[in-house]
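Each of the next two complexes has subunit A plus one more chain, namely subunit B in the first and subunit C in the second.
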Partner chain A sequence: MQRRKKLEGIVLVLAALHGVVLGAGFFAPYDTAAQNRALPFAHPTRLHFADARRKIHLRPFFYPWVPRAGVYGEYEENRSRPCPVRFFVKGTPYRIAGWLPARLHLFGADEPARIFLLGSDGYGRDLFSRVLYGGQISLLAGLLATGISIGLGLLLGALAGFYGGWLDEILMRGAELFLALPWLYLLFAIRAFLPLQISPAQAFLLLIVVIGGIGWARPARLVRGVVLSARERDYVKAARGFGASDIYLLRRHVLPQTFGLLLTQAAILVPQYILAEVTLSFLGLGVSEPVPSWGNMLANLQHYDVLASYWWMYLPGLLLVLFFLGYSALASALHERVGAVII
Partner chain B sequence: MRYFARRLLHGVFLLFGVSVLSFLFASLAPGSFFDEMRMNPQISPQTVAALRAQFGLDQPLPVRYVLWLQSVLHGELGFSFAYNSPAAPLLFVRARNTLALTASATLLAWLIAIPVGVWTAARKGSSADRVTSASTAVMLGVPDLLLALGLLLLAVRTGWFPTGGMVSPSFEAMRFGQKVKDVAAHLALPVVALLAGTLPVLVRHVRAAMIEVLDSTFIRAARGHGIPRQRLLFRYALPAAANPLISLFGFSVGTLLSASLLIEVVMSWPGLGPLFLEAILARDLYLVIGGVMLSTLFLLAGNFLSDVLLYIGDPRIRAQ
Partner chain C sequence: MTRDLMRGLAAILASAALCAAASNPPRILAAPAEELQVTGGEVGRYGGRLVIALRAEPKTLNPVTHVDSTSRDVIWRMMADLVHINRSTQLTEPALAKSWKVSGDGLRYTLKLRRGLRFSDGHPLDAEDVLFSFQVYLDGNVHAPQRDLLIIGGKPIVVRKLDGETLVFELAQPYGAAERLFDGFAILPRHLLQQAYHEGKLAQAWLPTAPPGQIAGLGPFRLKEYVAGQRIVLERNPYYWKVDRQGNRLPYLDEVVFLFVGSEDAQVIRFQAGETDLISRVNAENYAVLARQQQARGYSMYDLGASLEYNFLFFNLNDLSGKPLPQIARKQKWFRSLNFRQAVSAAIDREGLVRLVYQGRAVPLWGQVTPGNKLWFNSALLRPPRSLDHARELLRGAGFSWRDPSTLLDRDGEIVEFSIITSASNAERMKMSTIIQDDLKQLGMRVHVVPLEFRALLDRVFQSREFEGCVLALGGGDGDPNTEMSVWESSGGQHLWNLGEAHAATPWEAEIDRMMQRQLTARKQEERKHLYDRVQQLVAENQPMVFLLSPHLLVGAKNGLANFRPAILDHYTLWNVEELFWRQANSAKRP
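Entry: the complex of A and B
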């Protein structure tokens, strides 16, 4: 009972995290491409509750950054102009799930003041907005690539396990080959042999296919193992005796047994594949500017001055850590649960 | 002996398969190193064609593969267009550095993981055990890319560690002792970054393997005989738990190589990683293939080593 509650809690937290990223348009105050050339590398905005006369306000407010006179890249609060944080404001238009147009944002500030919850980057773009939108790219890449890996693994593993013979032999030798390579080297090598200068959309599709495609071997081996033992069960033999077709047997009796295993495998693969996208984009082999992804946002840190002077450029990484912790907790909870059911 | 021969043969087959696979992918690749030359109006198309012919790129795929195999037998591993030299010497220098990094990380990781794993397994359920498993979970949650960046920030802010490279500019003038110290200082941060990725996995496996053994009857019997706890854990239980751990050692080489590729690039450690990335961006075909082959070779060497250790450690395998 307690174990079940734990699993439900983890799923709930993960769903909430995904919801925030999915609803980036609502939660983010600005568009990802909106630049503020007068405010490059601005600190995260400081939220205040008490004003200069020590009066406490329920509504948080902030003092907009103004460049410090005579120094480049340093800011101070403009104390003469407090700006309240507005909630449920009308702002930049966006589309819910890429389809339904909307203008409502969770929070914002009166123009022309800018609220940068996590600071701004070199073009004065709001990092908080970019991190949420970037998460859409990175998460989608991880989830879709996992779908491809699991799908391929299910198909090939089922074929190898169910039919056996030369097909099994070939597929498993292939799987061994793929598992023998250090997978990041493999990923890079295959990426190396694909075009370098492509649009972000093409790059995204390419990434998903490559990352997902080279990961088929492990799920395939797992599925094959389960199918091998399931196909010899008495009830499967009985169903076969009654004249059930192969497709029916696989769909009805054999493949459902792989379900728990594949779910656990998926919870392990998703963060790994998110990281793969992040790594490739970080090194300039994936999704490129101006489209934000967690990888190309972190790529700014490869410049020495950014690394040394602007600590808030690390903050996109914190969201990544949250997702990682969530998924690894999910994987171990599933493992406990499924392990108890299957064996 | 037949056991080893079979493992070796298997490794050779795998290497062969990997090389065929990389050549297939490489032949499907659009663009080549000479594309940029073609854009350059100062270089005539004849020159480009002549260059391609010189490197054998105008030949069909099987011929190119055989040519490449010949150069492997000569110990050249193909030719790097960008460096205008055989690929092997370039790769070997870098591979040595990667090996230095990964070997020290592996050694350190096991030296820490075994005592910690044994210790937490012996005190299963205690608060120390729970703190350890919570911290391994957190360590698993921090991707090594972020960790490497964080460590770089630490180095930049505090100045305690050098911020990249393998040696200081004044390395040549140093005495031997200073040289060792210099390399060790440069090695520290990449090793820590690698450790953070591998250590939690190892600790968990050591703990799990030990718990299984500690539950068994022969340990209970030994305990009944009044054998001291320390001796019981390390002389009786640990060797019995070693089998899956040795397999894990072989398996972990691959993960370590992948992690090291990234950390080398971020921390500018002059290993295979940065060379490999550079070769990808320049479309330096044979250097890329050489990088893949070398990393596979490392992995197979790791697996072979673990096979040998299993053979020495487990009499059941010897009997087969």
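Entry: the complex of A and C
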């Protein structure tokens, strides 16, 4: 019972995190590419509840940043102009789930003041908006690539385990080959061969397909093992004796045995593939500017001055850790729960 | 008046320094037979070492075959040339040659060597060494990268010896400011290199691993020790041919140590920690990090203003008819439109680039010569401010229209969409490209920034020509237009937008060709300047390159280093290393 509660809790937290990222358009106040060239590397906006006369306001407000004359990247609050934080404001148009146009944002500020909840980057772009939108790319990468890996792993693993013989030999030796591939260099090579005309989104999708396509070997080996033992069970043999077809046996008796395992595998693979996207973007192979992703946002930290001077640029990394913890907790909880089923 | 004041001041400084210098032991006085050069800097004190971090290890110590800048940094502390360009004034001055004369027709240069000079191993220098050196540089089998500079009017310079200390250089055609050519040609010791040269093994001679005794030059220092992967140590050349005003033989420093640290960030961290004494060509961001702590950590940072580097955006105007690149060829009708290029230029927020990419430590540019180039900058060029309205007007004038504000269409109704390639390892150019992308979005142009590995980028620009737009930088050299002939002449190998044209593709390129040829042979500086001003004007009007900005040259040095006069020409902080000295002995103590 307690186990179930724990799992539900983790799923809930993860769902909430994904929900925020999925609803980036609503939660993020600004367009990710909108540059405020007067405000590079602005600190996170300070929210105030008490004004200069110590009067408490229920609605939070902030003082907009003004660049300090002659010094780059230093700001002071313009105390003469308090700006209230507005909720449910109309702002930059966006699309819900990619198609439904909308303009409503959770919060914002009256123009021309800018609210930078997590500060701004070197182009004066709102980091909070970029982190949320960047999550869409990174999570999409993780989930999509996992889907491909698990799908391929299930198909090939089940075929190898169920039919055995030479098919098993070929598939499993193939899997070993894939495990041994230095995939990073492979991706470098693929990226180099892509023509310039390809849009960043296409290039990115292609890379995801490649990452997912290479990663099928491990789940396939696990699935094969489960299928191999399942097909020798008495009830499977009995069903076969009654004339059940291969398809029926796989669908009804064998594959359901693998689902627990696959779920656990997926929970392990998703963060792994998010990290793959981060690595690729960090190395300049993934999504390119101005489209944000956690990877290319973290790539800013390659520069010593950013590392030394602007702490808020670490935030995408922090969020990444949060997602990782969520997924690894999910994986271990799933393992505990379905472990019993498999054995 | 000021001159008198200066003289007085110099006298005071000199007398103060005399006490200091006299108290130090390694004082070697000039032998009377030597014709030494007297330098004008502050008279210093002997002793101490200078530690500098290099990004990479020098590949070779051979002044003939080196190509990388780290090798150059080390080699030129040990070598000297006949005539030298003063990095501070950007003018030529006597070096190993104490004087030179030009014949009336500008075809003969007669150089007189200083008497009594010796290589750093004590072997005397004579005219034979100079003959040998130029024989080596001109030998096609040696593949000296500087060789092309000695081919004038299609013919190599002829070098002859008149007597033991007089040499004649004959040119096939007049060449403006030919004495500048001598800068960068190190005079080699015949007694050490002749054998390797005759055996065809010159390229393998003088690797960093060679025993120090086999390497000798005429520069202020000589090789003492090389530890692979760690450092190279140079020691004072006791036979160096410069003295200060007190007759003390230079250099003042005992040693110069180059550490190999691997990256620019590592250079910055080492300098910040006080492990190194000098840093050159810091980028603006690291400069800001360093400047914040300069008081506490005992060093000073210097902003020298515009460098000679110019950054620009250019489009592919190559003739692609023989190549299977229909996609790019189709877009060239936009790139070839002058209005299009001018509109791009008008839309670019140069001030924004300067502020966001260089934190204000750069100057916006509208021509190829930067304000840092004292002799050649054309101050009459127009510097129109950014204007999106003007840009739209220009586009409209060339038949472009808008489907909606974010989609520009050309005359045939095609969406204007192109890519800009840039070097992935250069953070500044990446950032500039991203800002330009955003600027051009305001005009409805859809621009993709494609970061490429630098060699892959060069391959596209110079070989396959498979690119649309590109952000790149040129610069370096000594600022003289002759060093940029290959960029501006239509047949040139660095004529980036349209490489090696058989005939000038446009009337203005033909005019640039004529102007460049005329300035090459013109003898008077004013005439050359006038001609090159016209080239700058033609380039600015026709925008084959959309000039962006020139970064400032940023350097730093530990406090207490005297005679430190950084310059925007190559060897920025080390060009006068022989004059550098530590004011206090303890500033140089380090394990």
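Definition applied: the second predicted complex is superposed on the first by the 324 of 343 C-alpha atoms of A that agree within 3 Å, B and C clash if a C-alpha of one lies under 4 Å from a C-alpha of the other, contacts with A are read in each partner's own complex, and residues count from 1 in each chain.
We adopt the following convention: contacts are C-beta pairs under 8 Å (C-beta built on N, C-alpha and C of every residue); 3 or more make two chains touch, one makes a residue touch a chain.
Keep in mind that what you see is a predicted model, and the values were worked out from it rather than measured.
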- Message: I'd like to know which partner A:123 touches here: subunit B for first, subunit C for second, both or neither.
- Response: second
- Query: Between subunit B (first) and subunit C (second), which, if any, makes contact with A:199: first, second, both or neither?
  - Reply: second
- Should A:180 be classified as contacting the first partner (subunit B), the second (subunit C), both, or neither? first
- Which of the two, subunit B or subunit C, is in touch with more residues of subunit A? B
- Message: Looking at A:73 after the superposition, I want to know if it touches subunit B, subunit C, both of them or none. Which is it: first, second, both, neither?
- Response: second
- Figure out whether A:35 sits in contact with subunit B (first) or subunit C (second), or with both, or with neither. second
- Message: Quick check on the superposed pair: does A:290 touch subunit B, subunit C, both, or neither? Answer first, second, both or neither.
- Response: second
- Message: On the A-aligned overlay, A:58 touches which partner chain: subunit B = first, subunit C = second, or both, or neither?
- Response: neither
- Query: In the superposed arrangement, does A:303 touch subunit B (first), subunit C (second), both or neither?
  - Reply: second
- Intersection of subunit A interface sets (partners subunit B, subunit C): 192, 196, 284, 302, 304, 308
- Once bound in the complex, which stretches of subunit A touch subunit C? 33, 35, 37, 40, 72-73, 122-124, 192, 196-197, 199-200, 284, 288-290, 302-306, 308-309
- If you look only at subunit B, which of its residues touch subunit A in the complex? 14, 17-18, 21-22, 25-26, 28-31, 137-138, 140-143, 145-146, 149-150, 152-153, 156-157, 254-255, 257-259, 261-262, 265-266, 276-277, 279-281, 283, 288-289, 291-292, 295-296, 298-300
- Task: Could you please specify the touching residues of subunit C with respect to subunit A in the complex?
- Result: 265, 268-269, 285-286, 288-289, 327, 349, 352, 355-356, 359-360, 419, 421, 424, 427, 430-431, 433-435, 437-438, 441, 448-451, 453, 456, 466-468
- Task: Using the touch rule from the top, collect the residues of subunit A that touch subunit B in their complex.
- Result: 173, 176-177, 180-186, 188-196, 275, 278-279, 282-285, 298, 301-302, 304, 307-308, 311, 314, 317, 320-321, 324-325, 328-329, 332
